[in-house]
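Shared between the two complexes below is chain A, which pairs with chain B and chain C, respectively.
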Partner chain A sequence: MSIFRAGTGSIRRRLTLQLLASAALLAVVLFVIVFNFARQIGAESQDRVLAASAASILEATAVQSGEIVIDIPYFAFSMLDNANDDRVFYQIAQDGEVLTGYDDLQTARGPGSAPNFATVAFRGEVLRVVTQTRRLSSDGRPVNVTVTVGQTRDAQAEVLNRISRMAVALGIGFFVVSALLAILAGRVTAESLSRLAASVSRRGPEDLRPVVADVPAEMRPLVRSLNAMIARLSGAFNRTEDFIAEAAHRVRTPLATVRAHAENTLRRVDREENRDSLREMIRAIDESSRAAGQLLDHAMVSLRVDQLELHPVDLHSLTRELADKLAPVAEMRDMDIRLNRMAGAEVMGDAILIQNALRNVLENAIKYSPADTAIDIDLQVRDHRAYVSIRDQGPGFRPGEASTLTGRFTRGENAAGTIGSGLGLTIADEVARAHNGQIEMTNNTEGPGACVTLSFPLR
Partner chain B sequence: MRYAFFSLALSLLAGPLAAFELEERVLFDSPGEGPTLRILSTTDIGLMRPVIEAFLEENPEISIDYHAASSTEVMLALTEEAAEFDVAISSAMDLQVRLANDGYAQDHRSDATRGLPEWARWHDQVFGFTLEPATIVLSRDDFEGMDLPQTRQDLIALLRDNPEQFEGRIGTYDVRTSGLGYLFATQDARTSETYWRLSEVMGGMQARLYCCSDDMIGDVASGEIAMAYNVLGSYADARTDLHEDIHIIRPEDFTTVMMRTAVIPETAQAPDAAGLFVDHLIESSWAQENSSFSFLGVTPQGLAQSASLRPIQLGPGLLVYLDRLKRRQFLEEWSAALVQQPE
Partner chain C sequence: MRFLLVEDNQQLAAAILDRLSLDGHVVDYAGDLDTADSFTSTTDYDLILLDIMLPDGDGRSFLEQQRSAGSNTPIIVLTARSEVSDRVGALDLGADDYIPKPFDFSELEARCRAVLRRHSGTSTNDKRFGNVALDALAGTLCVGDTTVTLRNRELRLIEVFFASPGQIISKSKLVDRLFSYDEEVSENAIEVYVGRLRKHLATSDVAIETVRGLGYRLAVP
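Right after this comes the complex of A and B.
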């Protein structure tokens, strides 16, 4: 199940795609600009050469004894020679009458004596022509000599071809480089995000220090909010812990005081019915005290399980200490806690939680067993797991009941008449599961009583 | 001989057959079913025969109908007359360029044409396949014991120093009638002013004007004239029988080099066979050793032998001297320099 709404996409992909699209657009624009520029330059340079050719012919035009003499210079046409062997056509006319050259060549008409250019069709070819006019004086009469030079455009087409191929290559090259940069940019951006994500998720649950990852300016508000949230969370945890400790103290102390008073009173009261009431009261006080204790224990366990901190725990000494601690309680009921086979075992976990779980199980055993019986504790290591089993000689579990007892506030059928909140096994179960462990509840095969086994993986 | 040759007299061809003037017509008839290649050429059949025979050897199914005519007639036939020929071979590079420029030629591309140097082809339509320098031919008798002139300057000095020896004994092309002479003269004039000085000097000595290189070579060899200017070197080289009587000089100041060119006309009926023939012309000129060709072929190394060799550039520049006005002016100037005395 994802907590993220679908459709928001990936920043990296979106950024990369946007950059790629703009790179492609720019590449096309680049091609169009270069291509048009090349076409313009090509046309201009051909026009210039044509104009120079026509000008050189006009330059060689003179009037000699009333007659127009035109000495076409060799270079007038040889300058038009090029690698593509473009074909050359020309026409020289005097006042509209063709003197020499190709009679049917179309001239480029236009105002003034400046060279006029035109693109015309001639003998199945497309020609670029220039027409230039020079005014001479012959016997005092003005004479207009018009020179038209035309050339096919193969060379220009070839140059244009070459340049457009180059422009395509340029565009593609530009796009490829831009694409690489776009991918890089996407990756760098995504990386700074994932670096932050990694630095947040790498920390353990107990680590509620502010995030100090080096992030770009745009992500600083996010980090600031994150840190503010962490601070609030950390405050909430601390307050909860404080609250549990405070609550335990505030609940237990007055209950203990009331209980002490009730016992004192019980000693002084003689009437049997009053004594019964007092006993009933003490019992109720015990029950609430224990319930409050277990509720707070459970709250504490839940809190610690949520932010489980794993440390090496010496299960052997822990069990031993717990047995010692509860020995006086057992003795009050003339019970004996026997440590039988105690193997050495070290597990990873929260010592307080494990102790709490074992204590709940042990307390249950003490509570539900008849007086003058023994409780057996074994610590065994099998298949890379440590098993702590606690066996009593009480009534045991009803068939089919065992699995339900780990639910909150569930009490066994045989528990009636015994003080209990129904949270003991719940706590044990939660602790075991938080440690990748298990709780197993069975009845003893030999003799009466229950056997509760907590197992944890070895370190 | 596997082929039947028909040398037909000019008179046979006159009349309705062709409006342009033919000098010679030879048919190389092949028994094969292949096309008949109609070739219109300015080159004498004598010089072309070995090349054609080598071609027919390789392509026995093709027949060749070889027509010889002057360069002007070749031009006329292909433009005005729209006569159908498959290959046009001419020494008049300017006219061949004009054919191509005006759209009377078709493209031909092959490995052979690609092998040609850039300067020996134009527009994939005009292909140079020979290198033929314009030389000075001297009579051995007249130059017995003299330093041979190696440049035009030498020649001018020599003529000036010995006017009585050379008076009326100098020959050169009459550029008014010879297309090749006109081409050489215009290229000389373009390259150096020395040409005009030389022309003045030759004109002052009543130079004799010729239509053809062969005549000039013959007259020099026989001692009729002492020297001839702008003689086609390839023809002079080919006349080995006369080499005892003549010196062939390639002027060191510059030697104009003409390329014989081939064009496939637009009207060609057998363009594929024409392409094969053009390739053959180009390639057989490369095989210098056992070549059946009497000409120096166009090869990239062809010009390396001397820095003074200047091949005439194929290109639009050649159109300039074909211009009516330009030609008139040039001829006027040339006549003024060379003919001098009114005719």
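Right after this comes the complex of A and C.
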């Protein structure tokens, strides 16, 4: 089950898409602006030339003996020449009556003597026309001479075409560069997030130090609340651990006192009835302290399993060390712990937990076997797994019983009379499973006794 | 042997002191780390028994301090915790062994013996009676020119006899010294071990005599 509710997408993707959308919009706006500006400039320059052409014609207009005389200068039309062979049309009118030129050319009307411009249709073409009027005096009467010059707009369209192509290229280029920057920005933003995530997830479960990471200001509240939560979590863990340690101390120290006194008294007392009751006392103390110890161990093992920290564990030396630790206890019953086939094996796990699991099994073997026998330990490697088997010469398991013994507080029928909590194999099983391992309980094929095998995947 | 016991619980300390004195050891007692420090600075001990939770600090810091000061006196940690509950194990800090509370005195003894054996190899004070010498640390018994290694129960049994030569010791007491309290044993089980010891002591100057109805006694020259 995912812990995330319906996802709200990826920040990186969202940021990148938003940046891309704004880049596209900006590219279009850029294109429109450049295009319009170019068109305006183009139009203005054509207008200026047209106005100059019209003005030069008007300049050459004179009244000679009551007649309007126009000597159209050469440059009036040559200045309109261009590579596109735009055609030029003109009309000269006196007080609204056409004197020369195309009489159907539409004029650009407007007030005053300033040049007026218009875009008109003429014989299937679109022309830009300028109309300018000059007031002359003929025999003391005012005469209005109006000059209209029109020009097709092929050259301008061509220039506009070129500029708009350039504007498109510019827009696309702008978009591509912005897109690259957007992707980069998305990545950088996501990176600081994933750096933080990595620095949190890289740490082991027992590492409850505050997160120290270089993060952007916007992420600082997240880091702050993460650290506050880590502090609360580690506080809770510490309190649980302290509680377990304190509980162990409170329970076991007085038990130790009573037991020590009882044992000392037993050495001094001669009356058999008193001795019997002292023995009963010691048995009861052992039983309750064993139960208390295993309960607290079990709580602690569960806590450690929940925050399992994996390290390379040398199973070979760990097993040897354990055998050394328990040798004095085995010796007290004149038992030998024999390390037989001991392969080298390295597994990933919590060494203390694995040793505790093996310890529970080995302690059982010591407890339930008769004195003067041996316990055999083998460490073998097969199919990429390490198998530690501990064989004793005790009564073994009853048929069908083995699988039930990993349950809490379950004890075998052969365990009657021996002090135990019914948690040892539960702990061993829990530890094995936490390490992707297994516990297998069988009876020895040769001779009496139980064989408990813990297996773990190799590193 | 000279022991230093560092334990804040006075009743428990009293019981341990009682027991160690019964076994003939000299024990100094410190109720806190401060006292323990002043003891270790003036006296050399064969073994230190160290509690972890003490009123003026953690026993493990004492342990670290001893080790960093170059002392290699064997230290056995007495702890109400277990290994799984300690983030930093006492063994990692240089303890020679640890024993969880409550403990069986025989187990404490066995662990002390194992630690001392690892440490020095043999004891300096063998117990001798006539041509018999017992090295309790190495667990060897010398009779004349022959040396045998004793099994643990044989060793503990002969120690009981050697500790009080000439005294009658009841079978019941021997059972309690040799077997754990949850073992169902009859007093006759003792006879097996007495029989083995007698075999080892056959050519010696001492003998384990049966006192009918009362128990056994070590007859010494």
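In this text, the second predicted complex is superposed on the first by the 330 of 459 C-alpha atoms of A that agree within 3 Å, B and C clash if a C-alpha of one lies under 4 Å from a C-alpha of the other, contacts with A are read in each partner's own complex, and residues count from 1 in each chain.
As a working rule, a contact is a pair of C-beta atoms (placed from the backbone, for glycine too) under 8 Å apart; a residue touches a chain by one contact, two chains touch by 3 or more.
Here the structure is a predicted model, which is why all the values come from computation and not from measurement.
Colleague: Determine, under the contact definition given at the top, whether A:Glu241 touches first (chain B), second (chain C), both, or neither.
Modeller: After superposition on chain A, A:Glu241 lies in contact with chain C alone.
Colleague: Which chain, chain B or chain C, is in touch with more residues of chain A?
Modeller: C
Colleague: Quick one: is A:His261 in contact with chain B, with chain C, with both, or with neither? Answer first, second, both or neither.
Modeller: Once the two structures are laid over each other on A, A:His261 reaches chain C alone.
Colleague: Name the contact category of A:Ala327: first (chain B only), second (chain C only), both, or neither.
Modeller: second
Colleague: Regarding the shared-chain residue A:Leu15, is it in contact with chain B (first), chain C (second), both, or neither?
Modeller: neither
Colleague: For A:Asp81, select first, second, both or neither according to whether it touches chain B, chain C, the two together, or no partner.
Modeller: The first partner, chain B, only.
Colleague: Per the contact definition in the header, classify A:Val69: touching chain B only (first), chain C only (second), both, or neither.
Modeller: First partner only, chain B.
Colleague: Residue numbers of chain A touching chain B in their complex, please.
Modeller: It comes out as residues 69-78, 80-81, 83, 85-90, 92, 99-101, 123-125.
Colleague: Spell out the residues on chain A that touch chain C in their complex, using ranges where they run on.
Modeller: Against chain C, chain A makes touches at 241, 244-245, 248-249, 251-261, 263-264, 266-267, 270, 272, 275, 279, 282-283, 285-286, 289, 293, 296-297, 300-301, 304, 325, 327-329, 331-334, 352-353, 355-356, 371-372, 417-419.
Colleague: Where on chain B is chain A touching in the complex?
Modeller: Touching chain A from chain B are residues 100-103, 118, 122-124, 190, 313, 315-321, 323-326, 329.
Colleague: Considering the complex alone, what residue numbers of chain C touch chain A?
Modeller: My answer: residues 9, 11-12, 15-16, 18-19, 22, 53, 78, 80-87, 89, 97, 100-107, 110-111, 113-114, 151-153, 156, 170, 172-173, 176, 180-182, 184.
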